[in-house]
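Take a look at the structure set out below.
Just so it is clear, A, B and C label the chains in written order, and each chain counts residues from 1 on its own.
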């Protein structure tokens, strides 16, 4: 972050996110100063491995900062700006804006809409701290800032690997579906570059009968592994082989993103019947739910064997808006959280593997009402269960405060796993980690000033939340060993 | 607010509701000072249009401040005081207290019960700021204060229109059912008085088969419009005509108050069958729900045509206490919020009209767990959907804080619509708007002091929340145009 | 609390739990000072009446502080420490650690896991304020502190009755099942000791068909009362007799702990059929729910007659972990809260007895989302319904803050009932009450500094919350009179 390091500071106060109370602020600063320089551990995210593999220059400012970030364009869409105007690529041939400067101007003109949102924090951090922009973004400054960013992107200082190193990222995980060939990870691994970019095994495409590619990918899965994937035993063996391949390529974790927390244990006959229906594309919604619920348990069993950490992200109604889905496909800001029932839903899973202290399940919740009621009590009991950080819509200062205030008293700090940035926007990585470090520092400072923690304890916890816990929870501090 | 303007202040501190932190307090004051004098926009409420039409003196203090306010008497009832003792009019001939002074004394004696509640804030504001009462209300002061208020009410300074002007109300909406003749609004409109009092179209009496007046009002609806309301097409056309009539009388919005967020789209045949059953009074609860769910979509379609803003208030179990309902009827403090599912419930509605940027749906939630989980993510995506303010039980300092903290980060400020007082108690209008302005100022001051907003931005947002947004969202800043 | 009164203070700051803001802190201190010395009212808890009856020395430090406290060992278990290592008694013969010093060391070594939890507060209070320990607990100090506590326990100053008096407990309730012989309470009552230890009637063992002892205890119930408990009328009469016996032994309240808030009113025929099935052990889960739901109403009716206050604790999935249940039985930290529906669930109950101002139902919720949505609106209306304090997982500083912030504005302070410690850990009683008094003082100080309450009002409320309300709500200030 060397370009223009002294400008832009006016728009990003060094004490941002710290309490206005001078005592708390002083302690928060001290805690933050102790962790600000720690390497970034990014064990869950969605940046494109191609960037690190090819190490090519990023495209124009709109393609870099606006188009890939659904946090950015969903807000604009909610205020009546069409996705077509923002150049979001369509999946059905709908023509969309191609002029990046026009898109950027539209974004800049409406930048006031993000007031009070984390997107504004992240974007301002990216512009000011990484790109060295020295004035606020608005309609009047749009062109000047566009030109400035374009110039940055043209320089070697903004190549993906250079930024990766500048950001002080110690380890970063991307996420790939089960039949991905992981070619970019192969390239990275064999390139001699010292940056640690690993994959994550996300098998939803072959475990969720309602996934649009399920039938296609089950076939590919069979070809990739030489297993008869229409037979239950072959199907399971094929998954095991893919897990082994992902692990070989560096993965330390799997990820499972389902609509509910439902899990179940079925008989082999039931499983075979459901698999047959799923391949034939004739599962009812209830049968699909049964299949997914059982497959969470199967993957948990495999994790007990191969040591991959199991992440479960649940509670989202995907593609709520069919019009947008039709024109623009998935991940376009149309996913909406729903109520979740971890207590009944996770019970079969936890009864099966939850008492295994060598197993790690990291659960993420989009339903904040489950924090103090369900997820903290569960993680404060089952040795296998850990709580993922405040996620997605809750990856925000207020969201993180609620998370710590509602979880810590029952689950403590040590049943949590530090921060995930979970982002598709590369420049938001340091911004998001900075917000998390500041919010945690401020939270701990409150407890110090209310005499619930000593400053020494708080410094210790801050270091753990930032560095020790994510490395340990995601097994990034060791080789993954098969027991 | 000229009477006795310097007394009573001791009981209503000028810095009330601002943070104890001196930095935040100073900023909050500055923000509040910038909006304190703005006109009141009251786009949703339940005051009696007769007051403004007839402009007669208000009755005694009990009839003015206690009897019409269910916030007031529900608390007393919860502590063992019978509604009969409070002079609440019965619907079944049960005799109730007729002496307003006795009622007032009972209220005054128990005024400590409201400690920590918004009712205390509102009532103290009414007594101190509007009525110039200069001592705290309690058993000992009850008679003196009664006499003082009685004297006020006898003066021209306390006539409804005079107060309306003194309160600096720019526009105020009342709420009337679909077959209301709007005689008071006619009187107001033709009176030459410059006060803007408009109606709101609330068709629950003809769209909810479980409404006690459904059958009666469907008949009246037919007579009023010359449509055959037992036929589906005639029924719809009759509603269109009533909407047009309300709009002609000044309405810019409709309001729909249903127990759940369920919406659906049925075939015309299904609709006709349900309408026939509803008129015959033989709908099952499930059929009534289907009918209501479809009628929300029909009214939304009509809004797309006639431009009326659509308000949806859902999630309340009405008349939970049959004993009170039997003796005293509805709106007697026996309505209790329930869990709500906007994500599944609103999906058919939003899929039908949610992508229309010229449509406005304002949704209100009594289930705070839906704020960050459902309503903010939905409004942060669908262009038609805006979020109504913290409502009813949540129209309170803590409720408003939770609302802003749980909604802003995902939906921003600009998918909200400012404040609604939603009151039946005339004097509580300035009190409620004052509380909202103070709480918003204090919220923004926190963000300024934590360096998330500049003071300039905060001043700008405060003005928008108080004045610009409600005028725009409710189309009070323009003539309603039929597209 | 005389032993070593000046040491250990460094680890327990006199201003702990008060705001860092100097204005609020000063007010909080003043309020706290006014209530700090008030007697402890403990109307709901689970300490062992044998302690007070026999007044024998407590066992070793591990048996005293670790083994009986599921808050303590569930956290250790969640971090991979087996209950066997902690000496938790097994129910199936599984061998467990017998060396209390080893158990203590394991606990001490892992004491950092409790950072940020109320357990740390309570334990530090017990060690520092009651036991006079003068250094922080950790691996290095484990043996020294063990020796110190052991020496304490050997002295007369630490006999149960002496501690009870030292703690300034005015009244303490234990909880016994319906067929308990109450021998310890008899001993206490006839001992001449002035300590007031009363029982609470908890009939779950005879009203919940899924209780493991249901069939056994129904038989015992018949024998104890001479009633034919397989007949509906005999069964009810037997319960009435047991209630009378408990009341005679000092009970002022009953307690009902069920998984849901469901209540219902069945016909006598339905009741007899369900009772017959329940005794035969053939109830379906739905039938058990019906039976429990009706029995809540029956017990409420009996409370209307005999004046016993009715406590209802709902919303917990008991024994979520079958492995632990098999080896160690119930109450081992495996109970997990669930969503709760008071609005529909309690409606039959409240319609039956809720309008009776001489009836008291105290409802406890583990689902914080029900606070502002359901429980405060219900208690702010029905005269019989009061809100129990923040309970179990929410008996914590943050939990109490949320409770007050989410409940007060709708239900006020006077529909709540003060604090319950609800503990099995004797030394945690003064610690828990101290935390509650501090948190309430700090909450009230906020309101004073934001000019929502005067200091006089706050002092008055603090006294009520600490002393007046629990004595009144639990009828500890009067003889229980049968109307």
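The rule is simple: a residue touches a chain if its C-beta (ideal position, glycine included) is under 8 Å from a C-beta of that chain, and two chains touch if they have at least 3 such contacts.
Chains and their UniProt names: A, B, C = Uronate isomerase.
Worth saying up front: this structure is predicted, and the values here are computed from it rather than measured.
Engineer: Which chains are in contact with both chain A and chain C?
Structural biologist: A chain counts here if it touches both chain A and chain C, which gives B.
Engineer: Same residues or different residues where chain A meets chain B? The copies count as same if more than half of the interface numbers are shared.
Structural biologist: Different, since most residue numbers here occur in only one copy.
Engineer: For the sequence-identical pair chain B and chain C, what is the superposition rotation angle on Cα atoms, to the nearest 5 degrees?
Structural biologist: Best-fit rotation on C-alpha atoms: 120 degrees.
Engineer: Taking the mean of the C-alpha atoms as each chain's centre, how many Å separate chain A from chain B?
Structural biologist: Here chain A and chain B have centroids separated by 40 Å.
Engineer: By residue number and range, which residues of chain B touch two or more other chains?
Structural biologist: 19, 21, 339, 369
Engineer: Residues of chain A touching chain C in their complex?
Structural biologist: Residues 19, 21, 23-24, 339, 341, 343-344, 347, 350-351, 354-355, 357, 369, 372-374, 376-383, 385, 405-406, 408-415, 446-447, 449-453, 457, 460-461 of chain A touch chain C in their complex.
Engineer: Where on chain A is chain B touching in the complex?
Structural biologist: So the residues of chain A touching chain B come out as 13, 15-21, 74-75, 77-80, 112-118, 121, 317, 320-324, 333-339, 366-369, 393-394, 396-399.
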